[in-house]
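These notes open a run of structures that come right after.
In what follows, subunit A forms one complex with subunit B and a second complex with subunit C.
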Partner chain A sequence: MAAFLEIRNLSVSFTTPDGIVHAVNDIDLDLNEREVLGVVGESGSGKSQFWLAVMGLLAKNGRAEGSVKLEGEELLGLSHSRLNRLRGEKMTMIFQDPMTALNPYLTIGRQMTEVLTSHRKIKRREAERRAIEVLKAVHITGAEERLGMYPHEFSGGMRQRVMIAMALLADPKVLIADEPTTNLDVTVQAQILALLNELRDQFGTAIVFVTHDLGVIAQIANRVVVLYGGRTMEQARVKDLFAQYRHPYTEGLLYSVPRLDAVRTERLVTIAGNPPDLARLPPGCPFAPRCVYVEPRCRRQMPPLEAVGPDHLRACFHAGDLGRLQAAT
Partner chain B sequence: MLKYTLKRFFGTIPTLFVIITLSFFLLHAAPGGPFDMERAMPPQIKANILKMYHLNEPVWKQYFLYLGNILHGNFGPSYVYRGTTVNDLIKQGFPVDLIVGGFALLGALLIGIPIGIIAALRQNSPWDYGPMAAAMLGLSIPNFVAAPLLILAFAVALRLLPAGGWAGGSPLFVILPAVSLGLPLIAYVARMMRGSMVEVLNSPFIRTARAKGLPEHTVILRHALRPALLPMVSFLGPAVVGVITGSIVIEEIFGLPGIGRFFVNGALNRDYTLVMGVTILYGMLILTFNFIADVLYGFLDPRTRHQ
Partner chain C sequence: MNTGKLLQVEGLKVYFPVRSERLFAKTRWLKAVDGVSFEVAERETLGIVGESGCGKSTLGRALLRLVPVTGGRIMFDGHDLLTLNEKAMRPLRRQLQIIFQDPLASLDPRMTVGNIIDEPLSSLLPNLHRSERLKRIREAMRRVGLLPNQINRYAHEFSGGQAQRIGIARALVVEPRLMVCDEPVSSLDVSIKSQVINLLQDLQAQFGLSLVFIAHDLASVRHIAERVVVLYLGRVMEVADRDSIYLAPRHPYTQMLIAAVPIPDPTVSRKHKLDVVRGELPSPLDPPTGCPFRTRCLYAIERCAAERPELRPVGKSQVACHRAEEISTPSRENNGG
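This part shows the complex of A and B:
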C-alpha cells in the first residue's frame, strides 16, 4: 500500500488579537489508499485545523506551513483553480453539523449535481442520474423525488447521508469526515458508521475520521493518530492502540471513556487540568502539565516521535510501564 | 406559495383598520379643532360650519361616517385648503414623492448592494475600509446639510442643475432631491449588505461549497448571494418609511410640491381629513411594501414557503 497523501512538517497558525495561535505544530502523517484513519483528540488538539489546512480551507487569518503532497503534487501554495479541481474530485470533506453544512436555499439535487457539472463536461441529466445512484448507495429511498427537496425537509441523519452521498459523487480518493456523527443520536450514529464502512468497500475511498470519541474509532478505523496540543502523541494500528497503548495521554483518553464491562467505580476517571492555551504553548511536551508520569526534561524538550513496535509510533520520554490510571481505579 | 401570499395579504387588512381607528381617535382627542381661530368667529357661523362638516356629531358617529367614506375611496374635503378634496391634494402631491423617493431608493440599492458585496469579499483591505469609512460619513451627514451643499456645488457653482422647483417633474429637477435623499440610504444599504455577506461567507454551508471544489464565482453567486440579500428584503418596508419621512425635509429645501408639507400643515391646523388621508396613505404604503417584502422573502427562502 503506497501512501498517496504525504504530509510533512505541517504547522498551522492563526494571527489573532491575542497573538499567534499555534494550532498544529510540525505533524507528519501518511494516508494509504482505502484505509480508514482515525484522528483523535479533544477540543483544541488541532485535529480539525490540520485537515482544513490539507483541504486549503483555513480561515483567512490562518497560515499553513510544511508540505502536503497528494499523489506527488504539492498542495500548499497551489493556485485556486487547480485546488478547486482537486477538491471534490480527489479529496473532499464533510462536517460536523449536517443542519448547517448544506445550503438551505438550494435543492438537494442542485447541490449534488453542481459537484459534477462544475468539474466535468457533463449534462445536467447525466449528473442527476449519477446523484440518484449515489443517494441509493447511502440508502435514501425515493431518491428521484428527493432531488427536488430542500435540506429542511430531511432529518439530521438523512442530511448527513446526503452530505456523504454528495462527497462521494465524484469518486474522490479520500473523504475527510470531521466529527460527522457528533450531533446525531446514538442509533443514527451507528447507522452512519456502518454506512461509511460499507461505502469504503464499495467505492474504495480512503476515509479520515476525525473525532474525540475513541468508541467511534474502535468501530471504524484501521489506524489511529492521537493528537494533543497540535502534536502527534501516538500513532498505531487500532487494535494495538487499544491493547498496548504507549502514551500517557492515550491512557488518559481510554480511561475517561465510560465502560459497561468494567467494575463500577464511583467516578469516571478524568484527565486533570485543562487543554493547553495554544497561544502560550510550553516549550516541551504540551501534555506535560497534565501528565502523571511527567519528568523534568518533558517540560524543556518535545520528545521525538519514535517507533515502539510495528507501525507504532509515540512521542514520550517515559521509559517504564504505564498503568497508573488502571491502578487508580 | 399562493396560499402564503394570500395569507400575508389578508393579514395586512386588520393592521390598516387599526391604523385608521387609532389615528382617527388620537387626532380627535388632541385639543382644538380646524375652525378654532385666534379671533373668535360668531357662534352662529361656527355652528353652521361645524354642522356642514358633521363636526357637531359625537366622535363615534363621525368615525363611522368617515369609515363609510373611505370605503368608497373618498377621503373627504380639506378643511383648510378650501374647495379642494384630500383626494385632489394627494393626487397632486404624491407622484412627486413617489418619483423622488423611488429614484433615491432604487439608486441606493443599485449602488449600495454592489459596494457592500465588494467590501465583504475584500474584507480588511482598502476596498473595504474606503467605502465603509465613506458610508459612515454619509450616514452622519443629515440630509438638511447634504442638500444645501449639493445645491451650492451643482446649482450655484457649476450651474449644471436647477437649485429647486419641480417643473412638472422634468428629469433635471429630480436629480438633486433624489441624490440628497438617497445618499444616506446608499451608505446604510452598503453597510448592511457588507455585514450580511460577511456573515454568510463564514457559514458552514459556504465551507461545504468550497470543499466541493466549486469555483469562487459559483460559491459567491449561487451559494452566498441569496441568503445575504434576505436582510435587504426585510429592510425594504422600513426603507420606504425612511424615504417618505425624509422627503418632508427635502421637499421643503427644494420647494417640491409633494405631500409632506400638507402633512405638516395639516397637523398644525387640525385639518382632520387631510392628516387622516396622508396617514392612511403612508400606512398603506408601508403595509404594501412590507407585504411585497414578505412575498419576496418567501420566494427566496424555501423554509418560509413551506411553513
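This part shows the complex of A and C:
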C-alpha cells in the first residue's frame, strides 16, 4: 500500500547573509493513514523546516527540492491556490505558541467561522454550529459562550485546544503539530496528549508530532524518526526504538535525560559539545563531532540510511554494540 | 540565633495590586506568594516546583528583594533582609545571586562576555584592582567551561547552552553563598540540559554553594535537589525530601504533577493512567476558598472548601491536606493496570 504522504529526497536550503544554510538534507519519509508519527530533534535538526516545506510554508529565502506526494499528487511547485485548498482540506499545522497564530483583535468565534464561510461558502449559522462541535470535541466547556471571547481570555492550554479545534474544522487527514506542548505545564501537556490520542481514534486523523521530548513520543507515537543536523539518524516503530535503539545519538537522548521512573544517579550522562550550526555543517555525519563511537570515516562520509530490522532504519557506520552511555548511568 | 540554616523564610507574602478601570473600584490583590515558609541549609539544594502561575518565580525574586515583599521574614545568615535599607543590603547582594531561564534574553547582546561577567564585580566589589578583576573573570569562565579566548566575544554569538554558562559565570564571579536558579535549563536543548545540571552540581560541591532550584521539570528537580517544596497558587502544598516526594507523594497535587510527567518508555506510559490530571489552574485573583487545590482534587470533601489546611507533619513530609493520612500514595508500579 502506498503511503498517504510520501516524501522523497527532500532538501531545504536558505539563502542568508552568512551563505547557504542547509536545514534539511535529502530526507525520505512516509506517513500512513491513522498513524501518529513522532519526529524528534533538537535545535538545528531541521525538524520544523522539514514540515514547513511539506506544507509549502517556507520563508521567502527558503527553497525546497525533492518530492512531496499527498495521495499521489505532487505538492512541490504546486500553484498557490491549489496548495491553499489542500492545506484547508487535507493537511493542517499547529504551532508551539498559539498566541501568535490567533488574531488578538477577533473573537474566537469569528476566527473559526470565517474559515468556513469565506473558503467553503458555508452559511454563518451552520459555521457556528460546526465551530461549537469542534470546540466540544477538544473538551472546551461552555463552547457557545466561548465563541464570543477573545484569545487573551483563554489560558495557554485552552488556546492550544482552540488551535486544535480550528485545525479540525476542515476535518483534515493530517494534523502536523510542531512542539504543541513545549511551553505548557506537564499537567496541561498530559491533557493535550490525551486529547490528540482521542481525536486520532475518533476522526482517524494522522498526526505528526514534532518534539524534543522522548517521553512525549513514548506516550503518543506509533512510529518515530530521529533527526540531527538536517538528516535522519534513525527511524523505527516506537517500541523498537526504545527497546533496541541502533544509533548513538538516540542513545544519547535516551540516557542524558533525568527520569522519574529510574533509580537516581549521582551524575547525568551527557552528550558532549553543542548542537550543530547548520551554516557550518561538517562533512560526513553531522553527529560525528559529538559521538563517542566516532570512526575516521564518519568525518569524511555520511553513512547511508540502512535497514537494521523490520521497519527500522539507521544511518551509522558503527558496527559493534551500543550501550556505553547506558552503562554509564 | 544560629540554627545552621543559611536561609530561613517565614510567612513570606508577595501581593500585587490589580487596579480596576472602574471608578472608585476597590483595588484587588493578586496573592502571588501567600505565606510561604522554608529553610535552606549551607550546601543544600532546595527544589521549588509547581505549574506556571503558582508563584515560584516571584518567590525566587523575592528572596533577593527583586520584587516588593508584602509581609513575612527572610533571614539570611542572621540578617533580616526585609528590614535592611539598600546600603545595608549591598554587601549581602554579593552573597545572593540569581540565574534566569532564558539566558539569551537575560544577557545584553551588545556586551562582551568579559563585560557581562565584570558587571556584578565592578558594582559590588568596586575597590578591586583591574588586574584582580580580570583574574577573577578568567577564573569564573574557566569554572563554567568557557574558553579564555571567548572573553571578547559578544553574548549573541553564543548558543543557548553557552549563554547559560555566561549567566552562571556572572553569578559565580562574586563568590555567592546562595544561588537562586530560576528554570535554568528549561529553554535548553535536551542534550545541553544535562551538561548544565552537572555543571551546577560541580560548582556547588567546589564552592559549598546553597542552591534554590526553581523548575517545572520534576525529573530535573529530583536529580539535583535534596528537598522539594511544592507550590500551588502561592501556597506550599508539600515539603519533603526528594525520595519521599517522588516515591510516596502525599499531597493530591504532588501526585497529579508526578502522574503528568511522560515517561520515556512506551511499555509503561501506554498503560499509564492520566485520570488524576484534571482541570486548570484557577485565576490567582479569585482563588478557591479553603484549600486552593480543592477544585481539581479527586479527594475534595466539604471541609476542604470551608477550612484551609495548614502545613503539618505527615510521616516524613510536611503536607497541607486534611485527608493526607487517608490518601494512598500510588506508586508508579501499581498504578499501571
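Assume the second predicted complex is superposed on the first by the 325 of 329 C-alpha atoms of A that agree within 3 Å, B and C clash if a C-alpha of one lies under 4 Å from a C-alpha of the other, contacts with A are read in each partner's own complex, and residues count from 1 in each chain.
To be clear about the criterion, a residue touches a chain if its C-beta (ideal position, glycine included) is under 8 Å from a C-beta of that chain, and two chains touch if they have at least 3 such contacts.
All of these numbers come straight from a predicted model, not from anything done at the bench.
Asks: Looking at the superposed three-chain arrangement on subunit A, would you call subunit B and subunit C a clash or a fit?
Replies: When both complexes are placed onto subunit A, subunit B and subunit C end up side by side without any clash.
Asks: Mind working out whether A:85 is in touch with subunit B, subunit C, both or neither, as first, second, both or neither?
Replies: Only subunit B is touched by A:85; subunit C is not.
Asks: Could you look at A:105 and tell me whether it touches subunit B, subunit C, both or neither (first, second, both, neither)?
Replies: first
Asks: If you stack the two complexes on chain A, which partner ends up touching A:32: first (subunit B), second (subunit C), both, or neither?
Replies: Neither partner.
Asks: When both complexes are superposed, which of subunit B and subunit C contacts more residues belonging to subunit A?
Replies: C
Asks: Tell me the angle subtended at the Cα centre of subunit A by the Cα centres of subunit B and subunit C, rounded to the nearest 10 °.
Replies: 70
Asks: Just subunit B (first), just subunit C (second), both, or neither: which does A:60 touch?
Replies: First partner only, subunit B.
Asks: Looking at the superposed set of three chains, what is the minimum CA distance between subunit B and subunit C in Å?
Replies: 7
Asks: Can you list the subunit B residues touching subunit A in their complex?
Replies: By the definition above, subunit B touches subunit A via 123, 203-205, 207-216, 218, 222-223, 226-227, 300-303, 306.
Asks: Taking the touch rule as given, give the residues of subunit C at its contact with subunit A in the complex, in rising order.
Replies: Going through subunit C, the ones touching subunit A are 51-52, 159-162, 189-195, 197-198, 201, 216-220, 222-223, 242, 246, 256-270, 272, 274, 277, 280-281, 332.
Asks: In their shared complex, at which residues does subunit A touch subunit B?
Replies: 55, 57, 60, 80-81, 83-89, 92-95, 97, 100-106, 114-115, 118-119, 150, 152-153, 163, 166
Asks: Over in the complex, which subunit A residues touch subunit C? Could you list them?
Replies: So the residues of subunit A in touch with subunit C come to 42-43, 155-158, 185-191, 193-194, 212-219, 238-239, 242, 252-254, 256-261, 264-265, 267-272, 274-275, 290.
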